[in-house]
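For reference, the structure discussed in these notes is given below.
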Amino acid sequence: MSFAEPLHDIAHLGGIELFTPRFERSLWYFHDLLGMEVVHRNGSSAYLRGWGDHSVSTLKLTSADRPGVGCIAWRTVSPQALERRAEAITADGLAIGWTNGDFGRGRSFRFCDPDGHLMELYFEEQKYDPPARLRSALKNQPQKYTGRGVGVRRTDHLALLAADVGRNRRFAESTLGFQLREQVLFEQGKREIGSWMSPNAIHHQLAYVADVKGGHGRLHHISMWVDNREDVLRAADILVENAIFVEAGPSKHNNSQGFYLYSYEPGGNRVEIYSGSYLVLAPDWRPVTWNEEERGSGTYWGAPLPESFIQYATPDIEPPGRKSDSLDLPVFF
Amino acid sequence: MSFAEPLHDIAHLGGIELFTPRFERSLWYFHDLLGMEVVHRNGSSAYLRGWGDHSVSTLKLTSADRPGVGCIAWRTVSPQALERRAEAITADGLAIGWTNGDFGRGRSFRFCDPDGHLMELYFEEQKYDPPARLRSALKNQPQKYTGRGVGVRRTDHLALLAADVGRNRRFAESTLGFQLREQVLFEQGKREIGSWMSPNAIHHQLAYVADVKGGHGRLHHISMWVDNREDVLRAADILVENAIFVEAGPSKHNNSQGFYLYSYEPGGNRVEIYSGSYLVLAPDWRPVTWNEEERGSGTYWGAPLPESFIQYATPDIEPPGRKSDSLDLPVFF
Amino acid sequence: MSFAEPLHDIAHLGGIELFTPRFERSLWYFHDLLGMEVVHRNGSSAYLRGWGDHSVSTLKLTSADRPGVGCIAWRTVSPQALERRAEAITADGLAIGWTNGDFGRGRSFRFCDPDGHLMELYFEEQKYDPPARLRSALKNQPQKYTGRGVGVRRTDHLALLAADVGRNRRFAESTLGFQLREQVLFEQGKREIGSWMSPNAIHHQLAYVADVKGGHGRLHHISMWVDNREDVLRAADILVENAIFVEAGPSKHNNSQGFYLYSYEPGGNRVEIYSGSYLVLAPDWRPVTWNEEERGSGTYWGAPLPESFIQYATPDIEPPGRKSDSLDLPVFF
Amino acid sequence: MSFAEPLHDIAHLGGIELFTPRFERSLWYFHDLLGMEVVHRNGSSAYLRGWGDHSVSTLKLTSADRPGVGCIAWRTVSPQALERRAEAITADGLAIGWTNGDFGRGRSFRFCDPDGHLMELYFEEQKYDPPARLRSALKNQPQKYTGRGVGVRRTDHLALLAADVGRNRRFAESTLGFQLREQVLFEQGKREIGSWMSPNAIHHQLAYVADVKGGHGRLHHISMWVDNREDVLRAADILVENAIFVEAGPSKHNNSQGFYLYSYEPGGNRVEIYSGSYLVLAPDWRPVTWNEEERGSGTYWGAPLPESFIQYATPDIEPPGRKSDSLDLPVFF
């Protein structure tokens, strides 16, 4: 009877802002190749959506000098939950403050995670109301499946680099109420290489992984969902035919069981096309941990992930100290 | 700010008991054809699991005179939630009382839904600890994928018939805290034909559909999950090669967007092999409703569902009154 | 040692001309929805190709008063084979004569099959040389896979109606050298309902099926190939989202084992999206025959084909005589 | 009119004999994991088949000291073609002579290719007549799809190493009548690294690749067909769950466009699970050639093939001379 009641204040990842130094080419990548729709533009930003996203937009593309991640938005389960989490974050000393909300959202509470990634919480959101040309024949589908390009269904998750994985993981667990799903722990558990977490049944919507270059606030990848493994294979063809670099995959991770493909969008950010994985419904989920040997190559069938998968993130930086220390890390996503 | 905080006391469907008058043949169906494992047997029951089920068993097969559904088990998110729901059910006058729990579960609270289906709530459960021959090469996979037959991953949901859909739907919403996802409403919304609900992100784990023969406590189908649509197609080949009746599909529903195949297991119960559909993460989900015209054939691509899909359920009964009234119902799952 | 040497003069189906009374809408269907490219236009015709077609064009769309099939072109294995077949056809009394060849082809020999469908043989053809925007990253792929719509790979086969199936089948076997693959034979083999044939390893590139309305020269369907069953499922979504009528499928035939979807293009012609089936490499292939009972619904998993599948063909006509005779035919494709 | 008539005397690959030093474990691999059936056993050999093979057996497993390939059988299109090819081979000085035929085959003509691989030609064959338990519900399917393991449909092709690729390729073209489909040519076309050929519409049924260790008569891999890419992915799960080494894939080749997975069966031979690729129907097919740069990694999406893919073949040998010469070869299958 000593089981603590799980916190359930955050509902899901609401949206990701991505910085790109090649705005029009990035837009072409997400619109023409991935098949997303642009629902709004203002100043230097465009707001996009997958055909299965219920809210009006889940991806914001913003012109910037360097690639990387902007504001990461999480939706709470209620206005009350929004207040509760704002208080908890403030108590942690990580608060930035309230805003009137970005496009499609009500007021939001902004903060930074311990590593410095900008985040916000909000509850009110605008549901998508498609124009006639994008109305689906399915009443329960928020938008027509257009058949253009990859046809990603929705924004699924993101992976952030952090100088101190453990500190950020604990923040996400304790203050945001995320459930820890899997971990890579080296040196008999003393070195936390990566942690995968979620506020809902999706295996992970947020991952923190060690920044081997010692940076802060950097992005490893964002991930777009497709329903079948076959869609990921088809995506590979489409991306390669359009001279997009496919860094790894299609293949299957051991961690998360995800079926993945990693590409670099023209702005330089790593974008995953993703399917498979598994749902977690257990309130008492016991995190799965992987040590050096178990982790192996980070893939299930044996294909190694390339060195760039550890070394490259956005924005790209030079390693501050001795690189030899970084290089002894096996691949860990 | 008037948005009510969602109740989140029930975590997921824990297991289904299925009655079969042809026990050994039903076991052959679930073990040899669907590829499930038998983890335990006692008296007239066998306990089975899919390779992706985290708890020890999610399907209990029990020898009986007639097919149909036995006890339907739901897991709560905590011991406290178990107590809270037991109190609420008792207040509704639907309580049966506490048991010491079935195989693999701690104490459970038994009750009937308004239509008379036997259900229970529990929190404590035994996680699956596979024998060596069933240990997976994946540390996060509870069991080896054996490659035998269809290879269903887990028990996904079930659909029950009810004389009064609305009454049962309201019970599931108010007392159990399920979220209503979709509804079929005829006669300008006055006749509730079917309602699909869930306690978690899975589109539906419980559906109530009108019993056109006026019975009580009957089962329309149970549903087993596979990860890809291709697995459903492959299942069709396997079932037909083994002389199992495929009543409908593989095809795609409009409601739920589920990719389905309906078969009759040898005991007579309808079993669905299922993939696709969509997750619901929104705390303020607005139920999708379908009227007579929108509902159409109940399928997305146009293939009609057979008349048996309305008329047949387990246990099978003769309609009590005038059959003409029943027959004017279009297909509605 | 008495085995006759197989004739091997015809290499493959070279192209199909389709008549449409709604030219621009038909073009939209093939270009925007199926993802074919237009390589040439002249007068009232457009020439299209799938991304995997090696010759410049395999589908000619021609504006006409009524839908139906125009000229059906077969490529021979050599100039000598072209001469040999022209002589044999002439001997059969079915010759029309030589032409200078349609777009992308050398001189052709035109003739009618016994039922009156216009056909031609040719050897010389223009290989496809893509413009830069359609050049594939794969050197062995004649054209970029654009990711637009269904993305059909190539024109696969066609099915023609005939008043006398046997007579046309014997012509295709004896004079053209096609191998008979499967047959539907009713009334103890006395009534030939349908015959499936091919000049190469593809299961069938030409089928003749009884015209239940007693017409001549009519088309049942043309068929476009995709590589995986999943592509056919995806095609169903795309077509339904664009208000294209899906008459049947996606499902699996018993005959040919083909995984099919039948749609009506805007001009009224039935177009199949097709995958699966099986290759035939045996020189002594024994045709598979199906009687009334074996034929059943014409599908493998049990889904019935609709009545329109027998009754409708292009151009559509009124049945000349007593319809009751037609209606006793089960579905037979 | 100067186009030479194509020779069409060989119909298809009839069967492959595989040597294994771990007979029972190899049998477990092909029967339990790949899902093949054993149709006959004698002495130290077992005869197997895929569910879609029309002849009684296409794979012969023979106990031996070392792994490698035994006799490779090709079926002719007629008894006359068998005589013609026997004469041509004899004229080439490569004849061994006539045998009464192996299990399931009539008399055969044995010979060696220039590199020393044992081959035979035959025409008469025994079609598969399944026992009741293996009878398919599909009349045109030679055997039930059992749903056991990978479920390979048929034996598709094989790749042989040769000291002199060009000499063997010319023999296959001129004497056997195979059509050259693709080639890897280095050093401005002067060094023939690999050649892919076929006697029918299948992209390649025989490949010769340079033996970097200077051996003779060695095997690179045999290849088993499955119908969909999804089947290859599923195969990867099954193989890894059973501790079978997956050397590369699932992924997609640039050459042949084949979707591949390479494993080592317990006897040490490399076995590919294969789908995709493309058919070649053109009598005047122009071979696709790849130089060093175009060839790249040998894969389409960028995943490198491991060094073992060049270095390892069966039987395994020590390189005779200077290894440095071998090692400068990029991957080339």
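Note that the chains take the letters A, B, C and D in the order they are written out, and that residue 1 is the start of every chain.
Just so we're on the same page, a residue touches a chain if its C-beta (ideal position, glycine included) is under 8 Å from a C-beta of that chain, and two chains touch if they have at least 3 such contacts.
This structure is a prediction, so every number in the text was calculated from the model and none was measured.
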item	value
Comparison of C-D and A-D by number of C-beta pairs in contact, larger one	C-D
Equivalent interface to A-C, taken from B-C, A-B or B-D so that over half of the residue contact pairs match	B-D
Centroid distance [mean C-alpha coordinates] between chain D and chain A, Å	43
Approximate Å spacing (C-alpha centroids) for the pair chain B, chain D	47
Chain C and chain D: spacing of chain centres that average the CA atoms, whole Å	32
Sites on chain C at which at least two other chains make contact	137, 228-230, 237, 240, 300
Complex contacts: residues of chain C adjacent to chain B	228-230, 233, 236-237, 240, 245-252, 259, 261, 300-303
Touching residues (chain side chain A, partner chain C) in the complex	33, 136-137, 144-150, 228, 230-231, 234, 237-238, 240-241, 243
Complex interface listing, chain C residues touching chain D	1, 3-6, 8, 11-12, 52, 54-55, 75-81, 123, 127, 137-141, 182, 200-202, 227-230, 254-257, 276, 278-279, 281-283, 286, 288, 290, 294, 300
